[in-house]
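Here come two complexes built around chain A, the first alongside chain B, the second alongside chain C.
Right after this comes the complex of A and B.
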């Protein structure tokens, strides 16, 4: 039992962590919390099942196509739901516009793909052990994403530009950085990461339109608790959340886990609205 | 002063039964249509209109949270679920001995109110998106609990809804029951919307800083509204389960939440009629376009996106014909300072700052400042940019807490960093960039300033009881006085965002005057005004001080300062460079070289 708690918990946690990183990448580039993170995760599963399972494309082709779709959706999100409301960011219209866009895609999926959860194809033709590919694939994806982002941010010029925008977009623009193009690129990157989360977690979570709400919420919890923008918080928080949920599922039942996560989420944020690792923002009068 | 001059002009701000009839007309028409509806004898549409009533009961309450207070509560379906299961479980006797459905409905209201408060609490502390997520998480959890708690809710199989007995039996009986409750909710929310509480909610949404300076207690008010909204959602849930006659967790999809939410946004924020029309429209839409039923949520989402991007004002904006009439082009603000005596009066106290220090990181924005503002005088605060003028105002009005030093008003020490209690000490202020509620009328904006002087409670306002009506009459009279004092009475009914920048500065002064302040803090009131307007502003400020309110004036227009100030303090790098009468300052060598120029 302990193996299944650990393996399943860590795997789900890795998916949460990746969705959390998706939130972070979009937030860093635009100061916008976008409801589309969960949508990207959901689509990663559905599109994977569509391309590989239904259309019979080779795994690698399907994989690349899913990531490409994620990137395109990220770009569309930026153009349709983020850019028009960025000017008046203090009115928080982005909450509504990104929610509306995410719902559009979710409903389209529900109608075209169906509201039943459908199986996700096995990606690698090897036999399963207790630590199956459906468990180690999300973990691998999460590790690869962290390493990749770290290399991108620390070693490349584009990555440093991302950081500059995240730190102070006015100053970055004053330095001549193409803020808008970098923001578009960030949303494309977030799209890829979100789709990767859904794709690698597909066998476990199935291709199901309802995953959107679950991933939106449980992907957000670790970032909110760890502090917005912190990928380390997202990974640690995501894995911990996954383990806790699975342990509670096995030991006391899933409802308890859901209620407990919610209560912890609310309680921590009420005590420390900026998250456990974040710093309080000053106010302007 | 002549008697005729002091009467309040009634020309623009219409009052009386004619205006209220005009406002009530659409509601009365809808009500009559709803009463007569069963005459059509169409039972299919009867169910749909009943459903619209039930949805409206919830939306009416949610409108206070979303439309007025501006809190993005997207998971309100969770409270509907709670109310539905509470009523069903109590009448079906799954959790306890069976009770009357009417009693169960009251219980649902209580449970709804309690959980409305619990779900709402995060809004007091959390950022918008976090709160939206919290409500979303709540609605997911309620459904999961409903699925799992089989003994009470019947799990996936469900539980029967209540059947309401005499006098509301049968389909049309139940329809009239729902209509009655819906009408009651409409009436209550209209009352709240038109009260100081409704205006305060909008102020929290659109001008939070100004609301705080006017002494509006955000947390208390929001908690009240969450209780109210939760109770209505609970009642709506009870009615919903009776309408469905059998409920399963599947009935409470997130789509419903979206419907409620969008009804309000389509209707327009800060309106009651708009969201009512929105709720009717969205309930009827899938029925009219039958092939689209599967696509209804998709369409709602598309509609939401379109509204957010294209018409943020919603239906209410489209129906607001009054504010499309062109305004007079060349308006002049001509203050009538003789009105001030009826508005102000009372002796002031000395405002004194002693050795105040405030640093941001390594920068000492205020560095050991001493300052005394005496009653009835205009005290000018000048200095180069970054010398700490506005920071000083922010310390006095409690937005910043100084690291050391004290701020006293008379004998009272003002608690550092508590902006909201400043109004009760009769300290009023204006802001460098005017903080007004663009969507509200000028009159309503000014009324905000007098919020803390109301005596009636939220419930009294909701039921429009006598004490509340007296409050409103006083507020209205004083607001009109304040407006004519600053010279804006002809624009009382105009939406504030249609005014010119210079006029907004006078609106802010009128709002501040509502408090009958003993100290008025003005932050660059002359910025953006023409020379003639500055002259009139100067006269107004001088009269305000002579009516007993001391004025602390931060300003860059040296002429204005030297014209009207009794005393002037010059700041440089957070320290007092010079202090004295205008003549002393004008000839002060350092001031001239550092700031005024030769």
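Right after this comes the complex of A and C.
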């Protein structure tokens, strides 16, 4: 029982954490909470199964293509669903535009790919043990992503420019930073991370259009728990969510496991609205 | 100008000549076609059933029309693809009954669409034949002209329960479903039926089908002493995960349930082919291979017909094609015997007894518009699929 809670819990938690980071990367660059993160995760699984399973491409080629498709979709999201509503960001029109875009892509996937879950190929031809590749691959992807983002943000000029935009876009623009291009790059990066989540979690979650709703919601929980914009918070929140969800599956089972997750989620938000790792917002008066 | 005999004769001759040559002549009324309004889901998420049934429907129409029709009247199939969408089924039904003035409606072929369309067709006073399983889709008082030539959900559940309790002799049963309306309603309906048969439901749950790990629930089932698992769901991912988890747990327990257990989508998601062993799904006696490895005579003849017509069976199910074929043949036989007015069709069907279909024998009465017979709903071995048909599950006499 403990083995199953740890292996499944950490693996699913890593996928949730990656989706949470996807939300964060898009949010940091634009202050827009884009509801396309779950869509990117869902497409990571579907496109992986399409390229490797159906078209028979080598795993590495399929992997690169999936990430490239994620980046392209991230860019399209920014152009189609985010840029037109940025001027009136206080009206929260991005909720509608990003949600509509995500639903559009989901419906298209349902029509073209089908509404039944389909198998995701085994990525590495090694025998399975209790800690199978379907469990460690999402964890590896999550670790690589968080290390990569830290290096990008702390060690590179582009990364620092991302941080500057996230901190104060007006000041960054005044300093001559190309805000629009940086935002576009952020959405492409988010697209890659989202697709990576779906791809590495594909063996566990299968290639299924319905994963979009689950990933959109359960990926949002670590962001809310960890604090908006905090990638480290999203990782901790995601892994904790996965472990708690799996433990609840064993202890209460059935649909009550989902109820238990929601109860804890609401309780945490009531006690710490800024998230477990977030700081309370202060305002100069 | 005066009319002379010569002019009259020459005019008559020209008239006869033109009539014979076919250029000019009075119209001869062709027999009015039998208009069958047809509402299949040929596209969209529920279309696999519709595409299979459509092959049989088209075969029957072509066969009957090629033989000269019904009492000289051709069958005109007026098709409106519901696109697996109840709204489009309603629009299609309204157009068929009001604008096209069809004699009868065949379909919709999925319960979701029928739930929306049946009340509308009934209100317009057009006879309707459909193959949908939801119990409430026939009601002699609310829908007096609506008939079903397929089993009801009650019959499906009863056949599975009979197999578990009476044939496999398993008395401790785990009954689970996904969280959809179909799943939860099935569990609520079938658990009391199981208890009535003397079985003990040791585990009952509605499980989130999106959960990738079903081991917790399966462990609970085993700890509760379950001797059979009955999952009620049309979600192939959920059903495949149950089979995979059972296999990985090396738990030798039969899985008995709905037809999706034996679908190609479920098979595609199995981690090992042997995880499909000891899995039994609903099927129909007349289209299953018996112990001798042969189909019943009517189905054998039908398969031969399908082969001659080059109709593919490998990517669909034989019972879907047979169901489509039977639907049109039943309509044609009815019009031939009774006529095509709503009253004639309804009156004939209310007295229909043992109509011999490929899919099943149909009997209707004024009080019972569900024509399928209980003993024709059986269970089959899901890992025996060939040519769209399955072997009868162990324990049935051929």
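In this text, the second predicted complex is superposed on the first by the 274 of 285 C-alpha atoms of A that agree within 3 Å, B and C clash if a C-alpha of one lies under 4 Å from a C-alpha of the other, contacts with A are read in each partner's own complex, and residues count from 1 in each chain.
The rule we apply is simple: a residue touches a chain if its C-beta (ideal position, glycine included) is under 8 Å from a C-beta of that chain, and two chains touch if they have at least 3 such contacts.
Note that the structure is predicted; figures quoted are calculated from it, not measured.
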Quick one: on chain A, after the overlay, do chain B and chain C clash, or do they fit? Just give me the call. clash
Looking at the overlay, what does A:253 touch: chain B (first), chain C (second), both, or neither? both
Could you look at A:42 and tell me whether it touches chain B, chain C, both or neither (first, second, both, neither)? neither
Look at A:93 in the shared chain and tell me whether it touches chain B only, chain C only, both, or neither; answer first, second, both or neither. first
Partner chain(s) touched by A:266 [first = chain B, second = chain C, both, neither]: first
Scan A:4 for contacts with chain B and chain C and give back first, second, both or neither. second
Between chain B (first) and chain C (second), which does A:81 come into contact with in this model arrangement: first, second, both, or neither? first
Of chain B and chain C, which one touches more of chain A's residues? B
Touching partner for A:193 - first (chain B), second (chain C), both, neither: neither
Figure out whether A:166 sits in contact with chain B (first) or chain C (second), or with both, or with neither. neither
Superposition clash, chain B versus chain C, among 3-11, 21-29, 75-83 or 147-155: 147-155
Going by the contact definition given at the top, which residues of chain A touch chain B in one complex and chain C in the other? 111, 214, 253-255, 258
In the complex, chain A touches chain C at residues 1, 4, 8, 12, 110-111, 114-119, 204-206, 208, 210-211, 214, 246, 249-250, 253-255, 257-258
Chain A contact footprint on chain B (complex, rising order): 72, 74, 121-122, 125-130, 132-134, 136-138, 140-141, 144-145, 148-149, 209, 254, 258, 265, 294-295, 297-298, 300-302, 304-305, 308-309, 312, 394, 399-400, 431
Chain C residues within the chain A interface of the complex: 44-45, 179, 205-208, 210-213, 215-217, 219-220, 235-237, 240, 265, 268-269
Of all residues in chain A, which touch chain B in the complex? 33, 80-81, 84-85, 92-93, 95-97, 99-101, 103-104, 107-108, 111, 213-214, 216-217, 220, 224, 253-255, 258-259, 262, 265-266, 269-270, 273, 283, 285
